[in-house]
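Please read the structure below before turning to the comments.
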Amino acid sequence: MTDETNLVDGPRGPKPKRAFTRRNIFVYGTLLLFAVYYLLPLWVMVVTSLKGMPEIRMGNIFSPPVEVTFQPWVKAWSEACTGINCDGLSRGFWNSIKILIPSTIVSILIASINGYALSKWRFKGSETFFAILVLGAFIPYQIMIYPIVILLREAGLYGSLWGLVLVHTIFGMPIMTLLFRNYFTGIPDELFKAARVDGAGFWGIFIKIMLPMSLPIIVVAMILQITGIWNDFLFGVIYTKPDLYPMTVQLNNIVNSVQGVKEYNVNMAATLLTGLVPLVIYFISGKLFVRGIAAGAVKG
Amino acid sequence: MKNLNAKIASIPMIFTALVIFVGCTAWTIYHSFTNSRLLPNNNWVGFDQYERLWDTKRWIVSVGNLAIYGVCSLVISVIIGFVLAALLDRKIRFEGVFRSIFLFPFALSFIVTGLVWQWILNPEFGVQKVLQSLGWENVTFDPLYNPDLVIYGILIAGIWQGSGLIMCVMLAGLRGIDGDIWKATRVDGIKTWKTYIFVIIPMMKPVFVTALVLIASGIIKVYDLVLAQTSGGPGIASEVPAKYVYDKMFNAQNLGQGFAASTMMLVSVAIVLIPWAYLQFGGKKND
Amino acid sequence: MSNNMQSSISIRDLKLSFGSFDVLKNLNLEIGKGEFLVLLGSSGCGKSTLLNCIAGLLDVTDGQIFINGKNVTWEEPSDRGIGMVFQSYALYPQMTVKGNLAFGLKNAKVPKAEIEKRIARTAEVLQIESLLTRKPAALSGGQRQRVAIGRALVRHVDVFLFDEPLSNLDAKLRADLRVEIKRLHHQLKNTMIYVTHDQVEAMTLADRIAIMKGGVVMQLDSPSIIYNRPANKYVADFIGSPAMNFYQGTLDKDNNFRGDGLSLSVTGYPFEEGRVAQNQQVWLGIRPEHIRSADAAQQCAVQMGAIVELVEPMGSDTQIWSVVDKQNYRFRVDGQTEMTEGDSIRIGFDPENLSLFDRDSELRL
Amino acid sequence: MKMIKKLLAAAVLTGLSSLSSATELEVSHWWTSGGEAAAVTELAKAFDASGDKWKDSAIAAGGGGAAAIIISRILGGDPMGATQLNHGRDAEELIKAGLLQDLTDVAEKENWREIIRPSSLLDSCTFEGRIYCAPVNIHSPQWLWLSHKAFKDAGIPVPKNWSEFIAAAPALDKAGKLPLAVGQQAWQSNLTFNAITIAISGLEPWKKVYVDKNAEVAGGEEFKKVFEAADQARKISAKGKMQDWNAATAMVIKGDAGGQIMGDWAQGEFQLAGQVAGEDYTCLPGLGVTEMISTGGDAFYFPVLKDAEQTAAQKRLAALIIQKDTQVAFNLKKGSLPIRGDVDLETANDCMKKGIKILAGNNVLPDLSQVISADTMSDLEDLMVEFWNDPSMTTEEAQERFVKVIARAD
């Protein structure tokens, strides 16, 4: 108050920031370094798949193609051979779609019913079953593979599409159920009670109230299941026949059945094609994907 | 009857829990004590399969590999995951872009991951060749063809695929920390790295435990990655238990042996899981 | 270097923007040595932001901050000679109480013996000696906040910053700890800046209160002035519970107020010097406790008949909602009142207790 | 849009084809290399020409892995119409479980007993007097394939037997060639070892160990020599980095490798590359030491199916496989030997003729898969693949573990 002039001296406003502080160089440097590590394989896949074989033999795997060719992609998609079938990955792609759609729908439907029953209609023993289910997520699949072959055979489902759908539903159930149970637990009981007072029953409340409210969690569940089912290899190879082999299995077949020279460019194109669906889902869903895996973090 | 509909609706869940998770596991454990070959039988042979299992070099190598892969991937994933999360948490520009980059491999399957890294580590075309053509003529970098290093070659790929998830978990943990804590340390004049080590990391114990369980339960299932990247080779240098189980059950047509191996896998999961369950559920009383 | 000795903290033309949004707008504030200043306002008014700027936890967009005559605008928080107490306590959960108190000191390389001495002294002042070996999780909310205060105390600094320290506590503890803080202030005579949205805390603790709104200080004065002579309608409305009664109307040159069914002369009203209503449109405000009823109303300069609409017994007193000519008059009577709904009563007040505000500028007349 | 049209067209086509009277049979096999695929196409053509429909279902996982998938499908109750399977002990339990079709009536009608040579082939298809499989070719794994180009580049003559080959290795190495190409898959290590065994130890010790499971012999002097020879082989193959057998064969074809120990199916690859036996490459059965070959080979099994139409088609396919024309067409492409003595293989090349001669002299021994179980086989493969790829494993250690496997074998 007293001496204005004295006070106006010295620093004023924001602390000056230099762009290249040690801290910034460290932070961004480290991040960039890791970004390179994560992006490099993607880059290598893309450039390799666009080169011709001679160029691959001569050149550097990291360098961009001198002459861009889409032939490897065409070959990977529709011409690569396994045995005398030379229809490329396309069959596996459609198989994966065929497996994906019913598996996703059935597993989410059943898991949402489970979650609903577990959160709002607890009965004696329901928590025990749920505990077993969640612990089941940690059991190595290997221990259950063979008995399931027997069960499917007895049910007449072995090798069929629905057999695989069943397997995906079963192994997706722990995490999916957990997801829905937690979500439905968050929906106020009052709403549920009000509906019961209004005379709605188990299914009525589920269909008319719970399902419409659970759209966000269904999206999260779908992202989880679509990437999970698409990326599955083990169940596809054990529980289906070559007719129904999903894309991952076919990818492995194509890459491993060498006729003459290994065509790395075709292999990389095939690899990229197989990874494309989950990648697209990932980049479209963005934050929801993160939410999904955060929610599924207890999965295992 | 009360809740009849709920019970009917829960039949799939009850079936899965009891028949699949409990029933199938018990069935396999029981048959691991038989000499089942191509088809399961009931000829009880006690611990013969287990004796043979632990007398088999390939199984020992598999378990050893799993141990190396497991410990390294636990340590490295947690370190990378935490460092990246901490850096992303420093109010940086392009956070979303970086996050997307670090996480995208998680959307890819192990088969795809294995094939890409097989290609990059291919000594004829990959990193080794690039290094050599850059003038380091004598450099050898062919982890996938060196029995002593192959498991680390797989590790590079495994970490590439999975560490983004750990970063996400860690980031969620960091974001969950009360901002006032950070302010308090600034007022106290604590350096950033000291704050992480003495304050933040101790506070994130549950997050670390979750991350560890996540990684651990994923590690034991490693199969696709090895299959795609090395098929267990060179020799048996990169074999893993899950592959042993599969090969013995289906290729060698020795179910009993496969069952014994898978039972051992279950035991090792239990060894990881029980302390976690104890920490997670037993630890709550102290909070 | 400064002859500004009586001023502990001065804030000059402080501005803070997030993007295009100004959180603090050209703020100027002088806080004297040993003063207890409360920053009061509803959430989003910028009070916590201001505190964080003083602490150095936020970088300012423009302006300067001086603490003890030293320009600290660019200084790190730990170098500003401040201690801070947070709403969420922000104790380090993995350390014992003693560890919490010692952590900053150890880090500043204070000698061990000195640390021990300071902790012992602080523990004694705050009566937390018995808690020193416990971890924060084993403490009650009140105990935690004492430790948090202790952490500021051991730093031996002249300025204490409190960021809504009592908000997470239940009502009774809050009252207890409030007294404690006041006692502490008397004992230590430090400068204290205290952010709260609770007007009771503000009124009881403050030497001066700064009422903030939209990044601007609306009024900076002692609690009694703020209460009795609010500088504008916002402050008048914000302070006091139940809130002030307001009526619209016009004020003619002869100091006659007309409007909202009221017609009275405000002769005796203490006008602010030089302030006149621009076009005679004004707000008239009267605090509920200044409205008298029954016999007491007979002594008032302004009187009228009212109907009791609602009776709200609060224990020690009772709030009455009454109606005069469709206008509400809220006031307070003794807890033992026998008034019931529908009663016809007389109410009244004196012009010197009124507040008048210009309708456009909302400033006190 | 184009895609959808294509799909529709495909759907219509498959719909139409199922309308015709042809019965479609799904046939599983693991013939995925170039030469193999060419051979299997012959079978498919013949079957389609006979009015039925061959539905190809190739499994690219190498013999072992493919067998796993095939067997689990049969066990899983959703079998294919016909499947390749190593005839031998693989199938025993499946037969016992009643999962495989009895072909005795076909065999009698087509007079298989008379035609099929050597008769041991049919014996291994026989279980308790009934016949369960149709042998399609004879494969002998004990061949050494040598690249003329490689030796020419190294400036040395093409060796005539295993010991000459070993002696030539340093020269090849000096010329920048890989002396011996061995794919890294386990079955290849085992095959290579087994071929060396027969060449080094001779017949009797081999039989004692593999047929009689005599652990003493396995630990004895003769096998010590075998392991030492194998050690030499592993040293001169150490620089190879390929997985698949045909990748190794490709190196021999190109002249980048001196030789490869592989079955006669490698023949198909040379042929496909347009190479001529005796000019571009040399083949040495029994590694040029013991002119013996084992009569293993591929055979088709026919899982029991419910549909009578399909069962009939299965039998038609079984009969077709044995027929002369099919045998010639298939085996010429495959590079394997036909399963009947009366076919005319005028067009066969040097190597095949060598094989036929050995066969005619009845210098045959049983195939490994006929005398040991899949379990023992997998133990052996695990051991061999490790031995082959881990230079630090001594011959003593390997032999010790080998004895253990043989002692446990069944």
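Note that the chains are named A, B, C and D in the order they appear, and that numbering of residues resets to 1 at the start of each chain.
Everything below uses one rule, namely that a residue touches a chain if its C-beta (ideal position, glycine included) is under 8 Å from a C-beta of that chain, and two chains touch if they have at least 3 such contacts.
Predicted, not measured: the structure shown is a model, and the values here were computed from it.
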Chains in simultaneous contact with subunit B and subunit D: A
Of A-C and B-C, pair with higher C-beta contact tally: B-C
Chain whose mean Cα position lies farthest from subunit B: C
Distance from the mean Cα position of subunit C to that of subunit B, given in whole angstrom: 56
Cα-centroid distance, subunit A relative to subunit C, in whole angstrom: 53
Length of the line joining the C-alpha centres of subunit C and subunit D, rounded to whole Å: 92
Whole-Å separation of chain centres (CA-atom averages), subunit A against subunit D: 40
For subunit B, residues that touch 2 or more chains besides their own: 246, 249
Residues within subunit C bordering two or more other chains: none
Where subunit D touches two or more other chains, by residue: 69, 72, 75
Touch relationships between chains, expressed as pairs: A-B, A-C, A-D, B-C, B-D
For the subunit D and subunit A complex, residues of the former touching the latter: 7, 26, 28-29, 31-34, 37, 40-41, 44, 56-62, 69, 72-73, 75-78, 80, 244, 246-247, 250, 272
Interfacial residue positions of subunit C with respect to subunit A in the complex: 1-4, 7, 10, 12, 30, 59-64, 66, 71, 73-74
Touching residues on subunit A, where the partner in the complex is subunit D: 81-85, 94, 149, 152-153, 156, 158-160, 237-239, 241-243, 252-254, 256-262
List of subunit C residues in touch with subunit B within their complex: 52, 55-57, 76-79, 82-84, 86-94, 103-104, 107-108, 137, 151-152, 155, 163
Footprint of subunit B on subunit A - complex, ascending: 27-28, 30-31, 34-35, 37-42, 44-45, 48, 56-57, 60-62, 110, 113-114, 116-118, 121, 123, 126, 129-130, 132-133, 135-148, 150-151, 169-170, 173, 177, 201-203, 227, 230-234, 248, 251-252, 255, 264, 267-268, 271, 274-275, 278-279, 281-283, 286, 289-290, 293-294, 297-300
